[in-house]
Each structure stands twice: as C-alpha cells, then as structure tokens.
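Read from first to last, the chains carry the letters A, B, C, D, E and F; within each, the first residue is number 1.
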Amino acid sequence: MVVTTPRKKIEILIDRPLMKRLRQITKDVELSGYTVFDAIGGEGGQGRWRDDQVTGGAGSKVLFISILNEEKAKEFLTAIEPLLDEYGLLVTVSTVEVIRADRF
Amino acid sequence: MENLLSPVILFFILGGLAAFARSDLTIPETLSKTLSLYLMAAIGLKGGVLIASNGFTLDLLFAGTAGLLLSFLLPILAFAILRSFGKLDTVNAAAVSAHYGSVSVVTFITANQVLSDKGMAPAGYMIAVLALMETPAIISGLFLAKRGSTLSFQPNSDLLRETLLNGSIVLLTGSFIIGIIIGKDGFEPIAPVFETGFTGLLCLFLLDMGLLAVRRLRNARSLTLRLVILGIAFPIINGLIGTIIGAAVGLDVGTTTALAMLAASASYIAVPAAMRLALPKADAGLYLAMSLAITFPFNVIIGIPLFNQIAIYMVQLWS
Amino acid sequence: MVVTTPRKKIEILIDRPLMKRLRQITKDVELSGYTVFDAIGGEGGQGRWRDDQVTGGAGSKVLFISILNEEKAKEFLTAIEPLLDEYGLLVTVSTVEVIRADRF
Amino acid sequence: MENLLSPVILFFILGGLAAFARSDLTIPETLSKTLSLYLMAAIGLKGGVLIASNGFTLDLLFAGTAGLLLSFLLPILAFAILRSFGKLDTVNAAAVSAHYGSVSVVTFITANQVLSDKGMAPAGYMIAVLALMETPAIISGLFLAKRGSTLSFQPNSDLLRETLLNGSIVLLTGSFIIGIIIGKDGFEPIAPVFETGFTGLLCLFLLDMGLLAVRRLRNARSLTLRLVILGIAFPIINGLIGTIIGAAVGLDVGTTTALAMLAASASYIAVPAAMRLALPKADAGLYLAMSLAITFPFNVIIGIPLFNQIAIYMVQLWS
Amino acid sequence: MVVTTPRKKIEILIDRPLMKRLRQITKDVELSGYTVFDAIGGEGGQGRWRDDQVTGGAGSKVLFISILNEEKAKEFLTAIEPLLDEYGLLVTVSTVEVIRADRF
Amino acid sequence: MENLLSPVILFFILGGLAAFARSDLTIPETLSKTLSLYLMAAIGLKGGVLIASNGFTLDLLFAGTAGLLLSFLLPILAFAILRSFGKLDTVNAAAVSAHYGSVSVVTFITANQVLSDKGMAPAGYMIAVLALMETPAIISGLFLAKRGSTLSFQPNSDLLRETLLNGSIVLLTGSFIIGIIIGKDGFEPIAPVFETGFTGLLCLFLLDMGLLAVRRLRNARSLTLRLVILGIAFPIINGLIGTIIGAAVGLDVGTTTALAMLAASASYIAVPAAMRLALPKADAGLYLAMSLAITFPFNVIIGIPLFNQIAIYMVQLWS
C-alpha cells in the first residue's frame, strides 16, 4: 500500500516572454521545482489567441505548474499576487496527493 | 502594379484570402519560426558578404546615422498622434509608438526583392542599418512610457540587455558578421541554402504572414477605426521622412527606397517581445494588430511601389 | 494572505477537427474563456494513437480546459452531454481555488 | 520493377520496414505537416505554370468532367460493396466510400514522378482535375450516410464550406492559380525551392508515410480481413474504370495513367478531416487504416506500374 | 442534470525514453487508457532542462495522465512505486468527477 | 586555423556566444530534430553512392574491424579513468564511458567537410564504419555497469534490439543501403536536397549545437573540474589511438583522420537514449554535458585540425 501526502499544486497560465520574470520569483521564494507546458490557443475577455512564435512569442502562452507544500504555496501566491493584473495571469490552486512528499 | 504579380506577394494575398474565407489552412508554428530564423540568417549573410566585397563606404555612415536618428525620433511623433488622435492611454501609446520607430525585417526583405527585380538593388550596408534601427525605438518607447510599472520591478539595464540580445537581432547581426568574415568565396558552399532557396522560402513565409495578419485583424477587440487609420498614416508619414532624408544624404534610388521602407515599417518580432516584458500592461493584441495586420500589408502591397516612385523623383530632385 | 475562491475546472479531451464544434458551444453558453493544449498520444478502448497532422488532424487530439463557476459548469456539461458518445469525448470535472474569482 | 528502385519508393519502403521492426524512428509531426503543405504548393504551382504555357485544351474539359463524375459516383459502388461484402454499418460504409471517391495527392505526385522518369509525363491540367476530384466524393459520402446525426447539429452548407476551404485544398488551388498568373518566367526565381528540391523532399515525406502506414495498420483494431481485401480491390476496380474512361475520352498514356491513379487512390487528408466533422460516429481508425495503410502502399508500389501498363494497352486499343 | 462519479487521476512526469517502460506497466495492470502530453521545460533538484530532441529525447520529459478507479489506482501506484527513484518520476494523484464512469 | 573561418564552424561559435550572453535565441526543437534526421539521411546516401561507384575494398574490412574494436574497447579504458581520476560511481562511469566508445555523427560530418575542402576527402566506406561504431560501445558500457538495476526489469536482448533499432541508426543505415541501390544516377534527382543543400543546413544545425552545448554546460550541476578535464583528455587519447591504428592499417590521410575523429568523438544521440533506458539511475545531465558541451566543441574546433596534422605525420611515418 503506497503512502501519499497532500500537497498544493499551483498552475499559472502566463505569456511566454514573461516566463523569465516568473522564474526569477521561483528563485526568490526558493521553489523546489516547476514544469512548463505549451498552450496552443485560447479565448477570453481580450479575445482569441493562437500560438504564434513569429512575433517573438508575444502572442503565445505557457502553463507553469509547481507542486509545493502549504507554506511555500502561501509564500509563492503572495509573491505573484501583485503581478496578477499587470501580467494578466490566470492562477489556480488545487490539492494533490504525492508520493515521496519530502522532496517538495 | 507588376509588383503585385510577383509570387511573393501573391502568396501573401493567398494567405490573406484563405484566412478571410475562414479556411482552416495553418502553417505550423515551428515552420514560421524556422522561416523567420532562416530569413534573418540569410539576409544577414547577404549583407555581410556584400560589405566584404564592396567594403565600407561613407554612405554607410550617413545611412546608419539617419537610421539611428529615425529609430530614436519617429516614436515621439507617433506617440503624440496616438495620444491625441488615437485616444490611447500613455502605456499603450508608448508601446505602439516603439513598434513604428523600429523596423520590419520581412518588409525590408520584400522591398529588397522587388527592387532587385527592377535592377535597383539597395546597397548591402542597408542590412547593417536595418540591424541598427531595431532597438533604439524601444528605448524611446520606454522613455515615453515614463512611469516604471515593471521598471521598478527590474532594472532598465537588464531590459536593455534582453532587448539587444533578442534572438532574431543576435542571429541577424551574427550572420552579418559571419558574412563579412567568410566573404564571397566562403559563402559559395552555403549559397544554395541561403541564396538560391531564398525567394521560394520567402513565399511560404509570406503565405503565413497573410494568414496571421487577417486572423489578428479578426481577433483584435481593441482596434478602433482611428487606430486603423493611423496604421496606414504612420507608414506614409514615416516613409516620406525616410525618403527625404535618404535622398538628402545622397543615397541612390534603391537605397533611398530601402531606408524609406525601414522608416515606414513597424516591428513585429523584436519590439513586441520587449514590450510584453517592459510594459506588460500594454495590450499586445493591439500593437500586434496594428503592425502586423495593417501596416505590414499596406507596406508590402502599396508602400514599396509607392515609395520607390517617390524615391526616384526625390533623388532626381536632389541631384 | 491571498484570498482564493473555489471554481469548477472542466477538462475535455477532444479530436482536433471537432474543436470548432466545441468552440461553438462555448459561444452558445457564453463561457468566460478556455485554453487549449496539445496531446501527443494515448491509448484506450479504440486502440493507440499518436499525434498525426498529415491526416488533417483527424488522428490527433487536444485538451480543452475551462475554469468556471458552479452554474456555468452545470450549463456547459448539459450542453456537451449529448455529444459525449458521438464525439468520443473524455470529460473530467474538478474543483480548483482561484484568485480574482469575479472574472470567471 | 525499376519503379521500385527509385529513391522515392525506397524511402517509403525504408519507413515501412522501420515501423515494422518497431524502430523508434519518427518524423516530427511539424515536418510531415510542412512537407505535405510544401507538396501541395509545389504541385499546384507546377500545374498552373504548365497551363500558363500550354493553355487550356478540350482535353481538360473531358478529363475534368470524367474526374468529377468519378468522384461523385465511385463512392456509391464502394458503399454497396462495403455494406454487403465488407459487413460495415451505414455510417462507416459511407465514411470509407467517400475516401475512395476522393483522391490521394501524394499517390498522384508519385505517379507523376514515375511517369515523368519514363518520359510519359501527364498533362499539367491533371492537377486541376486532381483538385476537382477532392470534394465531390464527400458530398456523395454524406448523402449515402443519409441520417443526419450531426447534420441536425449543423447545416450541411456549413460543412460543405468547411470542406471546400480545407487548408490543403485551398493551398493546392491557390498555388495552381498563382502558377497560372506568374507563368514560366515568374516561376523561375522560386523554382529552386518548388521544383529542384521536389524529389528530395518527396523522399522524406514518403519515409514518413511508410512509418505512418505500418503503425496505423498495427493499431487498427476494427480492420477485418474482408476490409483489407477491399482496400486492395477498390484501387484495382476504380483504377480500371479510370483507365478505360481516360483512354475512351482520348487522353495520352501518361494522362490516362494519372486519371487511373486519381480514381484508384483514396484520400487521407481532406476527407478524413471532413468525415471526423460530419460523421464523428464513424471510426477514424478504420478509414485511415484502409486508405493510408493498405490502399496507399498498394497504389505506390503496385498500382502505378500496373495501371501504366494497362493504360499503354488501352490507349493503343482506342486509337 | 448530468451525473458525475469520482475517479482517481494519476499524473506522471517521466523522461521520454522511459515512456515505453511505463507503457509496458499499463499493459500489465490493464489500465483502461492514458493520454500523453509534452512538457517543454522545467527545473528541479538536478537543475534546469529544456525540451531537447536532438539527444534522442534523453533530455526531454512527457506528462502521462490516466483516469482510473480506486482499485486500479492502488494497483498502478504499487506497480510504479519501485521505479520512482530509479526513473526519477514525479507522481501526483487527485480526484476528479467523470461522466460515463463505467468506461474507467 | 582557416578551419575556424568556415561558415559551419562560425555558426557553431555564434550559437555558443549567443547562449553564453544569455540571448533568448532558440532553434525550435522540431527544426533541430529535422536537421539531425536530414544529416543522417544525407550522409548515409552519400556513403552508399560512393560505395556504389567505388565498390568495396579491403580497406573497408580493415577500417571496419578497427572501428568495431575501438567501439568495444575504448569504453573499458574510459571507465577505468572515470572511476579513478573522475571519482564517478560504477553506473555513471559506465554510462559515460559508453558515450566515448560510440561516435558523434555531426563531428564526423564536420570533419568530412573540412577534409573535403582541403582535398583530403575520407573514403566513402567510412560512413559504414561510422554506423558500425554506434552500438558496440553500448554493450561494453552495460557490461561495465554489471549490476542489473533495470536489466532484471527487462531482458538485455530487448534493450539491444531497441538500441540497434534506434531511429537515427536505422535512418543512417537505411539511407546508406538506398545509396548503394540507386547509385550515382539514381541519386541525381535528389542531390539538390541531400547534397547541394548540405553545407548550408549543417550551418543551421551547428548554430543549434552551439546553443545546446553552452546551455548544457550552464545547467550541468554534477560536472566537476576533473570531469571537464576528462572531457578533453578522452578525445585526445582516443583520437591518438584512432590515428595510429588508421595509419597502421594503411588508410590514406583523410580516412585516417576520419577514423581518428570517430574514436575521439562521443555520441549524443544513440547512446544517451539507450543509457536513459538501460541505466536510468545514471545522471543524464552529466553524460550529455560531457559529450555535448565539452568533447563536441573541442573536437569540432581543435580536434579536427589537430588530428589531421597528426594523421599527415603518421601516414608518412608508416609509408
């Protein structure tokens, strides 16, 4: 029987060029790690977009995912909160069970 | 007119029509990225090789200075108009104006093609001027944006570094230098890819640009009629200024036209990426729509032949 | 301390060509937005597949994700329910915490 | 036989063997998409340029009409056989039959290569016929499917629009028209990409097709022996009909063979996408396996030389 | 009103070349299905990585996702547990609501 | 020195500098994958065509045997040094050593370019030797790793199959055979893609390699100074052994240099993938950094001209 422990999963949809800013924050709050995925398109209040790398990625978005513990999650959210509107971030938080909880 | 019948332009129109008719034709993102990298490398090499064989001339100095000044100053004019007639807030006006100060490599390349076909190929050093004009406008734009939303958040110098090290600028400049080093002979073995294949691949890229332009136009919420008008007015104004200066400093017709197109064109590679970083509050959908969906097509279809005519006239005038 | 509010997250795995149908439904039920991701392969009752764009995408799938409030979620699910079998959709619903809950 | 020794076919076989041996060799999706777009544009341009220099002929009218009729009618025959001998339900039988009424661009291109090497290049207008034959079969297929599962859900006209505006069809037709406009001279500067590079790139594409075909075959759950048989019977039947008609309307050997291959080939680009939309209940794995994993290889390896022989015989017969 | 049933969602971040090993396990425990997504980069204890397919994918990772019922989930986790450290897997388990629960 | 001024090397340096300056220049993954597939196919075809016209010679037998032995034995030497001086544990030492026994196709290709420019083109059969040397080192590596972490988990034979069927090896060997079948004439129609375009596309690939190398170096946590030293020592040692053997079995200068580069180079395509599967516990960041970020640049910039000089000397010595 495998033991699992609850951790927080923070997902952030962010413009590709702003990723380097977000990465800086992960350094500042010392996240244990993160993984990035490519989004190919979407639609929202500001209209529709498709992945478009000709324009230096200004028109494309990526999904940043990090698994972390309660405290780090709070800390991280507090760190990105001010950028939410300016960067137009879409942030979701959920709870997942992990194995080897100590690494997070 | 016969400009319109070149395959390059026809593929651009095909792309536009396809998107307009809501065809699901799409060029894979990687392909367009690849093509734009290829065009950067190819044009850079071409310029370098030309310099290597023709050497530097005083004209380069003149054209270079003119280009730098244009890139620095054009945004100020654009900014004023965007604020007043365009009714944009400071941040967006600043972001958009930076695009018009900077240049569109593909517009330049297309002009180059058309002019070469007419036997008025611009001087090779114009590619150096192209590279010089990429970034100053960004500095002006940020200066105009004054207030340091993110600037507080990260040092200006940092941003300047990022801008100067923008992938496409590095590739363009690097290939230019490589071109100078290898010269005509060293270029020969790689010419089949970077020269012979050029026009054909440019067709594919413009097909994609046609698709992108029309789709951007369709999805641009914040684009007002006034801004559409400015998207056409700016290239005309800036192009004229470019032509006058080009002729004034005594460049030949082809080179003058090229300078005009650099002034008239709006960046959609280096500047958008930089603005997204420096002025994230600015609406990317807006500045991309203006430069890519309005100014680019205008320049490619109307601007090039137009400014070529004017250049012919101006150059005569001054000589 | 950043405040978060629970919202529904609906994920739909759908064949690329059918995306335009799904998009129509998002218009009909007026979703606030959605984001699309590319799947590269998978396996299920009907066998294995790999992303394959030569065949006009008929052989490839994308993941559609939308964050919405309870009511919209119900409405959206009811709208797609009839297509489930016909389109062979894989639908999952989960709860996530969001910041700036009002936008959804 | 020497057909088998052309690099194009050898790369197809290599791909097949690699997949068969479960090698992890894979061609990036974007590359195959790029290659298929490239082939569309190149073949379209080629046809247009040929028309531009040879002008339209009555033959085009004959071949075009023949092609249209074939695309409309072949599905009906196929449908009947698929229902009876194939034991398929209505929806799947209809979906599959649409594929066999339509055409495979790459089969046509490969035939074109082989025939040109033998000095029997088909007439350029056959590329127009190719474009004409893409869609009618879809309409027949939907008609055969009768019951409006999704048709209730969205108007037929809408679907027809989507089909006619399928990316590859738009690109093929658009390039064809561009070819006509620019003609031989306008084509020259882009010929290095769209002509000189053609065969080499076709090799890479067929390498991928070989991989795809065998992998599809391996993962096709719903493929019965009877359907495999039909996957070979259809191209033979349809190809024969095509040859007879071609010879009857007085086309030359090369052109007749080309018409035969159009009839014999099954679509795996435009039709699958359309069927996925119009008849989502139909099993995509099934129709893709039949057209891509059975009929395509059969046509490329056996069909082309076979129908070429028959065409030679038929054309003699009628003259 | 659409009925939904809770199921387990297991997500595994794994190196591309090891995918074929994981697939073997899905066969052994007879999973009903899975879907694979491409990750483009990330950072963790062993440093940073970007998707890099030149090196035969040795330097790139994919995300494996499977929806399954309680029992299968236990079985599957037990099967991959021994590989966790050796393969450097990142495993998360969460609960999602599904429609047509019987297929899982 | 003039080696450094070839466009191929200059683009490699450009890539390195760009990454070093933290430019955001990136080559889309699909493009690099495409280019590496292209290079495999092109070099394979080239070798095959050469064999087809020159036929097999005894030299091939000598060189082949030499290559096989080197690939099998070099890892043992490397392993010993990695354990002692390198202070690596068994698994990592074994994994790294396998890379140095195997070969880097692009190093070989670059050497080929440089040598051909100098009029010392290696014999065509060296491409067969290249293919032969890919895998034996993997077996030695696994043998050295002894302990069966995953070997318990999956049969060795299975792994061997996977290794031999590695995509790039299959493509290389397959194209080689196709080259032999089609010969010079059959190659002509595809030469524009696989021959004329070769050097230009190689430039783009090396641009990417430059980026990858420096970025790997930056992100390689586990790379110690001692390992960096070995990353330079191994190519020197192995290259010397290669040169001596090459000259000993009586190969000409170009061919000897090629054998030396095969010995000196470290794999970063077939072996990493195999090691990830067979020895997942081994640190991929480490072996990729050593072969790609240290040994590859060393060979391309210093190794090729160096071993060419030594080969010239050695060959004289023996004759």
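By our rule, a residue touches a chain if its C-beta (ideal position, glycine included) is under 8 Å from a C-beta of that chain, and two chains touch if they have at least 3 such contacts.
Please read these numbers as outputs of a predicted model, since none were measured by experiment.
Taking the definition of touch as given, a chain qualifies here only if it contacts chain B and chain C alike; those chains are A, D. Averaging Cα atoms per chain gives one point for each, and the point farthest from that of chain D is the centre of A.
In terms of the distance between Cα centroids, chain E is separated most widely from B.
Chain B and chain D, compared by their mean Cα positions, are separated by 41 Å.
Mean C-alpha position of chain B lies 45 Å from that of chain E.
In chain C, the residues touching two or more other chains are 37-38, 53, 94. The set of chain B residues that touch two or more partner chains comprises 28-30, 33, 162, 166-168, 192, 197, 273. Listed in rising order, the residues of chain E touching chain F in the complex are 15, 17-18, 20-21, 24, 46-60, 86-88. Within the complex, the chain F residues that touch chain D are 28-30, 33-34, 37-38, 41, 161-162, 165-168, 170-171, 174-175, 178, 181-182, 186-187, 189-194, 197, 273.
Chain A contributes residues 1-2, 4, 7, 9, 23, 26, 32-38, 62, 67, 94-100, 103 to its touches with chain E in the complex.
The residues of chain C lying in touch with chain E in their complex are 11, 13, 37-45, 61, 63, 74, 77-78, 81, 84-85, 90-94. Note for the complex: chain B touches chain A at residues 29-30, 32-33, 36, 149-150, 153-154, 162, 166-168, 208-209, 212, 215, 219-222, 268-270, 272-277, 280-281, 283-285, 288, 292.
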